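You will see chain A twice below: alongside chain B first, and alongside chain C after that.
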Partner chain A sequence: MSRALVRRETVSGYLFMLPCLIFFLGFVIYPMVQCIVTSFFDSTMNRDDIFIGLGNYAELFQDKIFLGALRNTVIIVIVSVPVVCIFSLWVSSVLYDLSGPLCSLFRCVFYLPVVTGSVAVTVVWKWMFNNYYGIFNYLGKNAGLIDKNINWLGDERFALGCIILILLTTSVGQPIVLYVSALGNVDQALVEAAEVDGATRLQVFWKIKWPQIKPTTLYILVITTINSFQCFALIQLLTSGGPNHSTDTIMYYIYYNAFKLYRYGYGNAMGVVLAIIIAVLSAIQFKASKSD
Partner chain B sequence: MRLRRILALAMTGAMVLSAAAVTANAEETTDITLWTYPVGNWGDSAAVDGLIASFEEAHPEIHVSVEYLDYTNGDDQVNTAIEGGEAPDVILEGPERLVANWGAKGVMVDLSDLWTDEAKEAIYDSVEAACQNNDGVFYEYPLCMTAHTMAVNRDLFEAADALQYLDEETHTWTTEGFINAVQALYDYGQENVAAVFCGGQGGDQGTRALVNNLYGGTFTDAEHTKYTADSPENIKALELLAGMDGINFDASIVGGDEINLFVNGTLAMAFCWNVAQEKTNADLVDFDILPMAFPTESGDPQLCGGIWGFGVFDNGDEARIEAAKTFIDFMANDETQVVEAVKVSSYWPVKDLGNIYEGDDLMTEYAAFVQYLGDYYQVVPGWAEARTAWWNMLQQIGSGTDVTTAVAEFSETANAAAAQ
Partner chain C sequence: MKINRHSCYKVIAILIIVIMAIAFAFPLYWIITGSFKTAKAINATTPQWWPSEWVLDNYQKLFSRQSAPLWELKIPLIKAAFRGPKVPAALRWLVNTVFMAVASMLLTCATSAMAGYALAKKRFIGRTVVFSLIVCAMALPKQVILIPLIREMSSLHMYNTIWAVILPIVGWPFGVFLIKQFSEGIPGEMLEAARIDGASEWKTFSTIALPMLKPGIGALAIFTFINSWNDYFMQLIMLSSTENLTISLGIAKLQAENSIDFGLIMAGAAVAAVPIIIVFIIFQKYFTKGITMGAVKG
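And now, the complex of A and B:
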């Protein structure tokens, strides 16, 4: 290929990319840079920003509420990520063995919470957890499990657990669909050969299927981790971080500082810390996946 | 040929003249924007359009465009507009935003020239005090007001023989009467008499008014510089509430949820109430609602109020600022227009206009509460942080934290925010 042709194709390639690139630079890269820069300033409304170096970061790690929010976020991630991965893998293994229409039906059922608006899902859960007439209290009392109503979302012993439960139901849909597809792509010749050689179901799964669905697992791990770290809407709609900050998450605390107290610099510093944590965890997940 | 030339000349002349007329007209008209929060029907274009039409008829030189905000996203919209230099000319809201927030940030116009001696004499003192900052700069010109009350389920009170503890005539009761009534309802079998809701800031004026009134406490000092929730009166009130059978500190609900629970009969009292709630829920309620002032030892309730009026953003354009002031003057001072503008809000005027709701029994009944309007302390600095700290404090008390400790923590947080 002549150099002129190569140059012409390169130029056309860049021209085709240009609209997307402009959008990416303007709406992704620029805000990211701005976020990092602002985190070094005392920034609020209608006043010039004041440079304070690492002041926001120093304050962060002495802020008990932020540390509590960090702890809650880590608990959410530690509980929800493995549960989502294991549960969705189990469900999709069962679904995969079902006949076509039945498999599609259950895929739809599990995917429904994903496509339903988060506000609608949250309102239904709020009703089920209601302290006065919620279905959980009704069933619990009728089954003799509890003798008086539990204030599920208003009691710090239960509130975070309730949030995690709701998060799980809204998080498993997509992994199930992905796993069902991944299992469909497993080489059946290998599976049948292993079965003929007398391999057990567990051996077939662990030695044949698992290595082939590992890239999907990695993707699900990374996405679920990021989503769990960014848990916000549930908190905003159900508990506002309460009771006693027991359901505060980093994302909610960022929102509170930036948009309620107008502490943009402080909120951005939290955003940077959250981004670093997610990036490090994702890198570890990638690394661990490659070393296998 | 000549005829065609004359015709062409005439048409050209007509076009030039009409263009000149349009230009001249455009030069004479000042366009201003009004952003309004949903204060009663001020969030409903069908109601507001009539008011705007009257104004534009009286002042054809000014054109008003209206944008309707809601309380969920309104603040974000306004703040974004301020940051982008696109703030509206006029905004309708209360002093906690106009004076304490945007006024304090220096983005509002001083409206002192609208506050003539005549206006000051006519407008109630408590309202006048709320519309200015501590330096006497007026950032709001008021239109309407209401007093937030509480309400009780009259049928349930009657069944529990608790009506004896309140005065239906004056809508008042004593702290002792309140204690006895709650006990009577609880003994009658009403497990959930009332809820000190603290799931968020929605309707939080109700819980503050309850605590402050029981033993005569205040939320801030008279100068609105310091939070005084840690006073012995407030601590005594919180300890009383925390120890009462039938009253739950509920961190899973906010004011709106409490109203729903009251309306569906789950709770016997609502601490977050006003006339708008009674109107909105009229079709859902199957019992008699009795609006009440908050109980006090002294018999002199101090109700939290809502005061709504107009503020002008400083957009640096004198013509638009003047037009905005003309608009405010017309809406709030024109004899005919002010009545209509207040009626659209479904509240009451900030000055004596007689009974503008003649023949409306409900509005006349609720008008009795306006006399109890207390200090409008929402203009205190650090308000946003203090509001959050308040319901967090109630959550702590509900979880068993010692009242004195929780209140001390609140005061430390709120006063630190006030000092910034």
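And now, the complex of A and C:
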């Protein structure tokens, strides 16, 4: 390309990018940089920030509540990511064989909890889990599974499990849509050739379909991991991290520090740690899927 | 024999999926029927699976609480404000939510269409740097930036206004990524031909690229609309006074104030959820496309 053309392309390219860059740099990149910078400061309302170096980070790893929140977050991720991936792959493999309208009907139903919105979903689950008026206690008692009412969300033994259950129902919608479309894109000629050669259905799946839907699986793994790490609305509306911090997650604890304790620097340090954890996990998932 | 075993598996699988689907649809069913139940039916220890008596009490209660002007237009320079007639606060929340979702949608589509096109079709210096920055930002949880965002918005005097919710949504680069993927499909020769004919850059974009990007923009529009409607987190941290709330936030507040009046809360949840579900069902095709296109190259 000639120099003049390069100049013209650069100028027009940036002019086209300009509106987007204003928003992107102003409301995404600038706060991210600020987040890293203030994590080295003792920062709160109505007072100048004080530089304390790695002080926030040092405190973080001695903070029992933070470590508990980290543990809960890890539990949520470890349980929900594999369940979401396997369940949605299985559902999609069944749906994919169904006729068009039926397939989109089911896909739509599994997507409903996502569209309904986290607040509406959460308040109805809160009612269903309620100690006195909830249907879970009613059903459990009638089926003979429990002999007296359980305060599901107020009991340290059950609260986190209930939250994971709700999270699962709001997480499988998108993976199912993705898998159904990925399975539809699998090269049919290969599948037929394998069937002619007498491959079993399981063999066809593992040897032919699986390699072709692997990029989709990677994407689903990454987004589900990020979503599970971000689990917030459920916690804030259902339990506020209680009882006794048993359902705190990192996201909720960041919010708690910012809005209840006004410890901005400390909250930002947690944000940085969370971002590093997610980046490392995504990199591992990416590497693992590339290696074989 | 083999075929038999397979069809047997298929029947059982479909049966399980039907049961799961009922379980997935149940919360929504429970919201809607619950919102029409009497207080007695709601507080019964034996649940009423189908309301024996349909009443509008809960909706009446929802729309008789608090009041706020229907709309408010502030003009910064002359410090004047125009306000609409007084209406129930829940109605104002709906107006706020619709305004927020539509504004986010329009701004996101406009900025992303231009930027995505440029990233795919312009060979400018620094293109790879900008694109890597976008991909990296997308992989990070956006809640990480909440504290700096709050401080930024309050220094811009936008804290507790609907714009504090809209601007970060527009800044989120998913749309750029989506449109870039879509723009790769525009044949370069067509753009080249337009340039040789002497069309300006803007004209090339608006008459050749834009019509070809329409399906992609449609998908992005519906995707942004639904996501911003449901983006509770950003609304929660940015909005506080009664007249500025969105519908989700209003329901969350109702719930915090009367945690056991489930009828009232279900009415609120229905008002928040039903419009967006209708939008989703109407535009489902575009929406599905938006999700799958974004994943083509994750």
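Keep in mind that, in the parts below, the second predicted complex is superposed on the first by the 290 of 292 C-alpha atoms of A that agree within 3 Å, B and C clash if a C-alpha of one lies under 4 Å from a C-alpha of the other, contacts with A are read in each partner's own complex, and residues count from 1 in each chain.
Note that in this section a contact is a pair of C-beta atoms (placed from the backbone, for glycine too) under 8 Å apart; a residue touches a chain by one contact, two chains touch by 3 or more.
The structure presented is a predicted model; accordingly, all values stated were derived computationally and were not measured.
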Checklist line | Contacts of A:F41 with chain B and chain C, given as first, second, both or neither | finding: neither
Item checked: Which superposed partner A:Y132 touches (first chain B, second chain C, both, neither) -> both
Note to self: Quick check on the superposed pair: does A:F205 touch chain B, chain C, both, or neither? Answer first, second, both or neither.
What the structure shows: neither
Check: Counting only touches as set out at the top, which of chain B and chain C does A:V94 meet: first, second, both, neither?
Finding: second
Notebook entry, point to check: Is it chain B or chain C that touches the larger share of residues in chain A?
Noted result: C
Item checked: Touched partner set for A:Y252, first chain B, second chain C, both or neither -> neither
Item checked: Partner chain(s) touched by A:L218 [first = chain B, second = chain C, both, neither] -> second
Item checked: Partner chain(s) touched by A:L261 [first = chain B, second = chain C, both, neither] -> first
Checklist line | Overlap of the chain B and chain C footprints on chain A, listed as residue numbers | finding: 130, 132-133, 259
Check: Which bits of chain B are touching chain A when the two form their complex?
Finding: 76, 79, 82-83, 105-107, 192, 198-201, 248, 250-253, 261, 266, 384-385, 388, 391-392, 395-396, 398-399
Note to self: Touching residues of chain C toward chain A in the complex: what are they?
What the structure shows: 6, 10, 13-14, 17, 20-21, 23-25, 27-28, 30-31, 34, 42-47, 107, 110-112, 114-115, 117-119, 122-127, 130, 133-134, 137, 139-152, 167-168, 170-173, 176, 201, 205, 226, 229-230, 232-233, 236-237, 248-249, 251-252, 255, 260, 262, 265-266, 268-270, 272-273, 276-277, 280-281, 284, 288, 291-292, 295, 297-298
Item checked: Of chain A, residues touching chain C in the complex -> 1, 6, 9-17, 19-21, 23-24, 26-32, 34-35, 38, 91, 94-95, 97-98, 104, 106-113, 115-121, 123-128, 130, 132-133, 135, 138, 169, 174, 177-178, 181, 201, 215-216, 218-219, 222-223, 226, 229-230, 232-233, 236-237, 251, 254-255, 258-259, 264, 267-268, 271-272, 274-275, 278-279, 282
Note to self: Help me check something: in the complex, which residues belonging to chain A touch chain B?
What the structure shows: 45-47, 129-133, 151-156, 239-240, 242-245, 256, 259-262
